[in-house]
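Shared chain: subunit A. Partners: subunit B in the first complex, subunit C in the second.
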Partner chain A sequence: MTPQDAAHLLRASTFGFTAEQLRFAVDEGREKTLERLAARPAAYAAFEDEVALLTNREASEIDKQHLMRYRAMHSPWQRHDKETWFGSVAEERRVKTPVEFALNLSIAFGVQMAPAELHGKLVVLGQRFHDPGRPRRWLNGFTRVARAKLAAEIVGKVQRFPDRRDLMALLAQRELPMRGEGRELALAIASSEEFQWI
Partner chain B sequence: MDLTRRAFLGAAAAMALRADRSGTILVVVQLAGGNDGLNTVVPYEDDHYGRARTTLRLSDRQVLKLEAGLGLHPAMQGFARLYGEGKLGILQGVGYPKMNRNHDAGMACWQTGRVVAPKKGEDVTGWLGRVADAGPDGSTPVAFVGSIGAPLTVEARDAVVPIIRKATDWIAAPPRVEASYPELPLAQSLKTVAQLMRAEIGVRVFLTEQGGGSPGEFDNHSNQSGIHAISLRELSESVAAFCQDLKRDGLFDRVLLMTYSEFGRQLTENGRHGTGHGAAAPVFLAGGRIKSGLIGAHPGLGDLEDDAPRPHTDFRALYATVLEAWLGIGSEAILGGRYLRLPIFA
Partner chain C sequence: MRLVCLLIATAIVAGAQPSPPADELLLDGAVYVLQIRDVAVLREVAELPAMFGKLTGGAVTLAMYPGEKSIVVLDVAGNRTVVPSRGFTTEGPNKLASASHYQEAKRTAAEGSVAWAYVDTTLLGPALKNADPMDALLNGPWKELLRGSHWMSAALKIDGKKLRLQAVSDGHGEARSVLPNLAVPRELGAASLWRDLGHSALLPHSSGGVLAENFLEIFFTGRNLGEEVFGKLQPEVRLVVARQEWNPKIGTPEVQYPAAALVFRADAGEDFGEVMEEAWQKAVGLTNFTRGQQALPGLILDRQTYGGVTFTYGAFSARNEKDREQLPVRFNLRPAIVHSGPYVILSTTAELARDLIDAVNREDGRSPKSGGNTVLEVTDPAGIAELLTVDKRAMVRQSVLEKGKKPAEAAAEVDQMIAWARKVKRARLSIDGCTAQLDMELN
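On to the complex of A and B.
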């Protein structure tokens, strides 16, 4: 399995992935990766218990946003959580939802954004963090600009970037004629047409 | 596959730009709190008004006289100038039967274009949100400009309506503003609208607001006099500055600005020098091609509905007229019914 194939598989099945997770999938091969993503991990029961402990029926909106972000970024069974949380919203159209867009970048670079801050930016893009809503026409002239600005904020928080080859595999679905590396390359890809698609 | 996507998006963007360069533009200003129509367009010669407004009454010496015994609140110098220039229309007695006098529910009626407020948790869209949904994929026919959360008016089912705080939220280098705008929130929002219009980004309808979220600054149950004057001055001076700006390069003829508030106020002043929630109220229309002057009769004050003027003009007829005659959009699907066109254009 090529890095591009592995990235495509992970992009469709998880909220996001790191360069290490991408390398692991490449080494593991397509079949084993598929099996691993589909199987309920042993650690998932403990994770569910942990989330249940954090869940309060009277939780505020901010608490719910915290929890959903925590779940998305730390669940050991992302494929299941993604499908049950907003699978239908994500799959109906081929465009990344705002949540997927933000989480793809955040997880790839290990960036933590304050949930309230992130929530406000997602609302502007047409989606609430804890309530993915319905499929929408996510892309227009305004949301493209807003996505590029959000990407700049996330990328701006990255301390250390993967090398050019890993970064390309991490974010792009195919070879892109883009120059530079590090922050410049990451921002160029994240703002590109290419990165908007699942 | 990628080429197809790009070609599709490019075509949608081109369609929006073409529409913008030749198209008319609607600017809707939401006034939150229930504006007192009776102290905005003042029936200063009406005895009912004189008797009921014991301390809030505005006399013939105070108002900015229009015609037919009506005058504008003295704080509305900007509107008076527009009126004198033939660029301001005042549609009188607007509302709907048995108007909902709860702020949230009443505002939701105006925002959704329905006369029954949505139930809690009901999945509803706003009338301008439905305009956005009717646009092609990738287009942005509607945008909200303001500093509060986007009102229900622009809630869409499918489209994502831009929420703009300042022009740079969308445009890296907004057109320079040559005109002078007062340092008032509504004026600054309208300045942003003017910048976005000149940037030719394809938006046909802008929603902005004065008064914030519920209940809003126009809700004057006590000591109304001073506060209402401040609010009306902001409205009047902001809109006048916007119109003046647009006249510089001919944009004014492409623009129709209209206001709405969830309801007017009761006729009788309460014991705290304020007014209670009412019903019908005037809607202001400004633009280069509107019918100037008073449109429709002032709602009589001798036959009230729970101490408030009865509406004689359905707000959905105004919406239908604006959608069809100004924006060239079929109104039936958006409003869920057919309404007679109102004579609001020259």
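On to the complex of A and C.
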């Protein structure tokens, strides 16, 4: 499996992945990666306990959304949580949802974001809770500007960037004709048409 | 506040040692330079950033440099370029010790102090801005004093388990006087302040501040907030925080907050008391209306008489609550307003309002005032530790979901706060003009 194939597979099955996770999937191969992503990991029970401790009996709708974003950020079984979130439209989606857009970047670069911090930013991008939404709401002239702004905010917090080749593999579907490296390249890819799609 | 936290924590660290070995403590504005001989103390100091992060809500980084004495740099304001830009070094001709302000500050150090700190207050900048009205109320005067100063010097004295930290600044503070703190049962802490609210900028210059001002103008029926509302309050303000006692007939909330109350004295108390009562009832009514829109239960208003005073309070009905051991958080709140003679009491619970009626009834109007603009006392740190323990889960949840901390990291921070609270027996901070004194007794 090429790094591009592995990245595509991980992009479709998770909310975001790191360079290490990408390398692991390339080494593991397509079949084993698919099996691993579909299987319930042993750590998932402990994660559920952790989420239960974070659950508030008096949770408001916004509290529930924070918790859902926490799951998306930290779940060891991302494929399962992603399917739970997007339900039946998961398969037909081609456009990255706002939450995928944000987490693709923040997880890839190890940027810590609080679930509450993301709330307002994702609402502006058209993400609605318990509603998988439709691509036209996620991607239009207004949300493209807001996506670029959010990307700049996340990329601005990155301490250390991978080299050009790893960065391309992490964020892009293929080698893009873009110059530069580090922050400049990450921002250019995040703002590109290509990055808006799964 | 950040500075106070730093000094308190440094004092605790130094005081925790059997024979304090810190021989010189230098603080340079936002970047704090500490020179410490003893490696054991150094290790304790290295624990401080995580705690400061929790206390101050800001990032604190730490770097260590080897040398004859170990030197630690705590970058509290997150501005690591401060030291190079000032051109100070720890050795050589440009060393900080040669600066005139430094020498002036050094002369104020008390005899027999085990540690001494110097702060270039011109570099504190953003740390001296008031974050919100409560910050302005509690910390306004000393922040204002430091904004107009060049330096602050702090000396630490230790006598067994008693610590005294005395800070002096070259700022110009006016002589004020405060009333004695009010004592109530189950008290956790109290503060007595001199604050001229009629002339203070309590509300921030932001959209939130403008909104708050609009609401206050509605609550106070269009009165001029400066002259006809805050200006009517005498500058002696007292704050009391106490543990709550849960009524077994109602139950115990899962997350427990302490009760808190502000006690004012007003000119033309009887007339102004009614103005406050009207505003308070409008605020409660609006809250009830908004909660009703969200299908949430509202406060039921009632009146009761205690100690010869009839006052208004609100309470949530527990009639339909099944789990009385884990009531919703709203049951921490039974807000009350009391106006009696010159006193106006705004309390989060009717029970604390009753205790305060007893406390103000004990005052005869000739209460001796003491010099200063702030007296803050922590009377029951063990009680604070107990509350933190009860609320640990809620605090971890808030830290994880709102600040992005990992659960284990957030839990460790709460445990650290509990441990610090248990270390302290009592503490008293008094600020008078350009001098501040913190007295602390450790367990």
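Convention: the second predicted complex is superposed on the first by the 174 of 198 C-alpha atoms of A that agree within 3 Å, B and C clash if a C-alpha of one lies under 4 Å from a C-alpha of the other, contacts with A are read in each partner's own complex, and residues count from 1 in each chain.
Heads up, the rule we're going with is that contacts are C-beta pairs under 8 Å (C-beta built on N, C-alpha and C of every residue); 3 or more make two chains touch, one makes a residue touch a chain.
As the structure is a computational prediction, the values presented were derived from the model and not from experiment.
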item: Side-by-side fit of subunit B and subunit C on subunit A, or clash; value: fit
item: Subunit B versus subunit C as contact partner of A:Ala114, first or second or both or neither; value: second
item: Partner chain in contact with A:Pro76 - subunit B first, subunit C second, else both or neither; value: neither
item: Touching partner for A:Val145 - first (subunit B), second (subunit C), both, neither; value: first
item: First (subunit B), second (subunit C), both or neither touched by A:Gly182; value: neither
item: First (subunit B), second (subunit C), both or neither touched by A:Pro41; value: neither
item: Where the C-alpha centre of subunit A sits as vertex, the angle toward subunit B and subunit C in the overlay (nearest 10 degrees); value: 70
item: Which superposed partner A:Pro3 touches (first subunit B, second subunit C, both, neither); value: neither
item: Shortest CA-CA distance between subunit B and subunit C [superposed frame, angstrom]; value: 7
item: For the subunit A and subunit B complex, residues of the former touching the latter; value: 123-126, 134, 136-143, 145-146, 193-194, 197
item: List of subunit C residues in touch with subunit A within their complex; value: 254, 326, 328-329, 393-394, 396-397, 400-405, 407
item: Of subunit B, residues touching subunit A in the complex; value: 2, 5-6, 9, 13, 16, 137-140, 143, 149, 156-160, 162-164, 169-171, 201-202
item: Partner subunit C, residues of subunit A touching it in the complex; value: 50, 53-54, 56-58, 63, 66-67, 70, 112-117
